[in-house]
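Paired with chain B in one complex and with chain C in the other, chain A is shared by the two complexes that follow.
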Partner chain A sequence: MKEIHELNLPENLHYTKDHEWARKQGDLIVVGINDYAQDQLGDIVFVELPEPGEKFSEGDEFGTVESVKAVSELFLPIAGEVADINEDLADTPELVNSNPYDEGWMIKFKPDNPADFDKLLDRDAYLTMLKG
Partner chain B sequence: MPKTTKQTPLYDWHLSHQAKMENFADYMMPMWYASAKSEHLSVLTGAGLFDTSHMDTLTVRGKHSFDLLQNTFTKDLNHCIGPKLTPLVQGRCAYGAFLDDQGRCIDDAIIFKMGDTDFMVVVNAGMGAVIAKHLEDLNESEHVQIINWSGKLGKVDLQGPFSVPILQEVLNDADRVLNAMPYFSFKGGWPLEPSSATVTLKNGVNIIVSRTGYTGEVGFEIFCPVQDVVSVWEMLLSAGQQYGIAACGLAARDSLRAGAVLPLSHQDIGDWPFIGHPWPFALPFDPRAETFTKSFIGDKALLKARHKMYTYAFTGFDPRKISLAGTRVHDQNKKEIGTVLTCTTDMGIGRHKGTIFSITSPDKPADFKPRGLCCGFLKVSMALSAGEKVSISDQRRAIEVEITTDIRPARTARMPLQKFLNN
Partner chain C sequence: MRRALLLNLPLTAYTAVLELQRGSAAARKDGRLDRDLVILLEHPPVFTLGRRGGKENLLLPEEKLQERGIDIVPIERGGNITYHGPGQLVCYVIFDLRRAKLSVTELVSSLEKVMIKTAEHWNIQARGDKEHRGAWVSQRKLGSVGVTIRHGISFHGLALNATTSMEPFSWINPCGISGCTMTSLSKESGKAVDTELVRRQMLGHISDIFNLELEPIQIEHLKKITGQV
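Up next is the complex of A and B:
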């Protein structure tokens, strides 16, 4: 297990209390799980994602991520509509472990209210929460 | 008061190797180090080493020790070896369970015959004192000594095809020790009595080595004095380096044993009658499987409980599983028929055109790359046949699984040792 100071938590991302990360890409928001979550879960063996076009409210479960030991929910940090999903995860779910911020991204969605993005935690606020 | 957790001698080693530690049966144990998946695959294709010093060992010795075990253990010790069901002899071991008088399983165990009136009984973590008391309560003879060696005897499990050449490197007189060593046999004298040593490691440690394990793959359990566990562990890892040995945690142990259709005590077998399950070889059925070849504690209750509840192995169609809280099993007509006992993912197997292959299957398709299959055990109120599909669910989702008699193909546990020896 990684110690908190060993976690890779890039400065340029936003985070959620459920250990997801989010970043803006044009008018979309890209979401995945962060280094802390992948390290805690261990090997990811399956990722269940929604269909593009599905709409979710803030905090809704949009999918599940399944490790060797457990099944965990994925929550959409802000309301929006799914624009794209990472199809590569169907065959190579381990990308979530090896590269959680890049090849291991999960969904892109169009936020109902783009300003909501700024309500997410920055790196320092997330770390403060993690240290509890 | 919070319960204090116990540690094995390897606790510090686990921590210094970044293990994810969790409480298992009151012991802080490694779940995995870097990756449970790669640990699981290492045991299938190479070798893995498990810290199993949390398990307990008893000795039952004396003139009437056999009678006590024969009266309390589900296996008929007079009819248990080989296809001809010959008696348990020195150097062989037998798997079974200890039941209460209602036929409920207190714990499962492996009995080792050390001598005519000398038996070693290996039980699960925290169960040494429980089984010792159970046996004391049922013992009517002055000529039986029951000793719980919890905290004095340690154990590590070396499993996987390369466990054989690795053991060859660390054993003194390896050719003699590994000669004529079938599945469920052992060599060695009592590890805590130096004068009885017959098998030693190159670091001088007096061991019992048995061809047993809990992975379905060829391998060994190595019993040694608890103060030698760390040096035995480090010697095996060092000898195993050239074979790509992996230290493995309990997650890989769980997924390997589920794929090998082996039960976890207190989860797949437990506080209900020990019958109607996929382990009939642990019971002393007569050839027609109608009655028992001996009487033992719990036997009448077992026969009465037949055809009421059934435990089956199952395999899913992809790696998805359910969590064990609030599980349900539904039949094809959506009738609720039971609950799920174990649900995990065997990462070494996958389906190809309807057939399950393992990464070690000799006949696997050329481009076979397993994604893993959900598998485990479920307990239901109606008889089901292999191939029948049922739905298992937790509070989140339902998945379809297939009732089966076997899960991971091409297992190596029972293969001749010769096949794996380095000449």
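Up next is the complex of A and C:
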């Protein structure tokens, strides 16, 4: 288990209290789980994602990540509609462990209200929460 | 040692405790439950399906189970199909993992360890398995692990066969592994096993392994906290 100072948490990303990361891509938001989450979970064997077109409300579960015998639920503090999912994770879920911020991305979604992006934590605020 | 609560229950219906677990996990998250909680109990016969299902590993038509009065309950935990029934000690851990400084993998390994240490009292050498999680005696499965993490709080946990009837396991591929044989403390030790004694042994190891000082709580009190009265 990594110490907080060992975590790879890029400055240019935003984070949630449940250890997801998010970044803007045009009018979409790209989401995955961060280094803390993948380290906590251990080897990921399955990623369950929604279908493109699915809508979810603020705080809804949008998927799960399964490491051996443990299912962790994924949540977003933003309402929106799923635009795209990372199909590669069906066959290679381990990308979430090896490369959580690039090849391990999970969903892209269109937020109902783009300003909701500001509800996410920046790196410093996320780190403060982690230490707290 | 951290102070934690212990809900020690007799044989209790699966779905009743499922709601209590979910309620407790929510209460732990928002602070109404100010300490981690361990629930120890046995269930009447029931099959549960993991997050990814497991009905394909049911080897008997569902109607046959219904005739016997055994329900199949789909739930959110990791893992595949499993059986719970009298003589199997089930332990649920509602832990705030970050406060407990436990990673998910450490939690799963620790639950295996609780079962392995308990088996030692009966001169049974069990081991964990990194790929097929649980407590194993040679190729036979003595106990299972399956947890869910919701907003950083764990629930579900472990199931250790003390004197469990092995017959219902023959109706499924336990944990989705074909050819997986189940076993129990009584079967492996060849002795009469007192489940009350196994409960005490397990609680001792839960306390040691998770470094917990367990304080009993009554179910009515817990339901009041979770708002499930």
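Note that the second predicted complex is superposed on the first by the 131 of 132 C-alpha atoms of A that agree within 3 Å, B and C clash if a C-alpha of one lies under 4 Å from a C-alpha of the other, contacts with A are read in each partner's own complex, and residues count from 1 in each chain.
Basically, a contact is a pair of C-beta atoms (placed from the backbone, for glycine too) under 8 Å apart; a residue touches a chain by one contact, two chains touch by 3 or more.
Here the structure is a predicted model, which means the values were calculated and not measured.
Student: Overlay done on chain A, so just call it for chain B and chain C: clash or fit.
Tutor: clash
Student: So in the superposed three-chain picture, is A:Asp18 touching just chain B, just chain C, both, or none of them (first/second/both/neither)?
Tutor: So A:Asp18 only meets chain C here.
Student: With both complexes superposed on chain A, which partner does A:Asp60 reach: first (chain B), second (chain C), both or neither?
Tutor: The answer is neither, since A:Asp60 touches no partner chain.
Student: Which holds for A:Phe75: it touches chain B only (first), chain C only (second), both, or neither?
Tutor: second
Student: Once chain A of both complexes is superposed, is A:Asp91 in touch with chain B (first), chain C (second), both, or neither?
Tutor: first
Student: Which partner does A:Asp122 contact after superposing on A: first (chain B), second (chain C), both, neither?
Tutor: A:Asp122 sits against neither chain B nor chain C.
Student: Quick one: classify A:Gly42 as touching chain B (first), chain C (second), both or neither.
Tutor: In the superposition, A:Gly42 contacts both chain B and chain C.
Student: Just name the clashing stretch of chain B against chain C, choosing from 97-105, 133-141, 223-231 or 241-249.
Tutor: Stretch clashing with the third chain: 97-105.
Student: Find the residues of chain A that appear in the contact set with chain B and again in the contact set with chain C.
Tutor: Comparing the two interfaces on chain A, one with chain B and one with chain C, the shared residues are 1, 40, 42, 46, 48, 64, 66, 68-71, 73.
Student: Which positions of chain A touch chain C when the two form their complex?
Tutor: Residues 1, 17-18, 39-42, 46, 48, 64, 66-73, 75.
Student: Which residues of chain C touch chain A in the complex?
Tutor: 50-52, 76-79, 97, 103-108, 130-131, 133-134, 145-152
Student: Can you tell me which positions in chain A touch chain B when the two form their complex?
Tutor: The touching residues are 1-2, 40, 42-43, 45-46, 48, 64, 66, 68-71, 73, 91, 94, 97.
Student: Touching residues of chain B toward chain A in the complex: what are they?
Tutor: Those residues of chain B that touch chain A are 18-21, 31-32, 35-38, 40, 251, 255, 318-323, 344-345, 347, 371-372, 394, 396-397.
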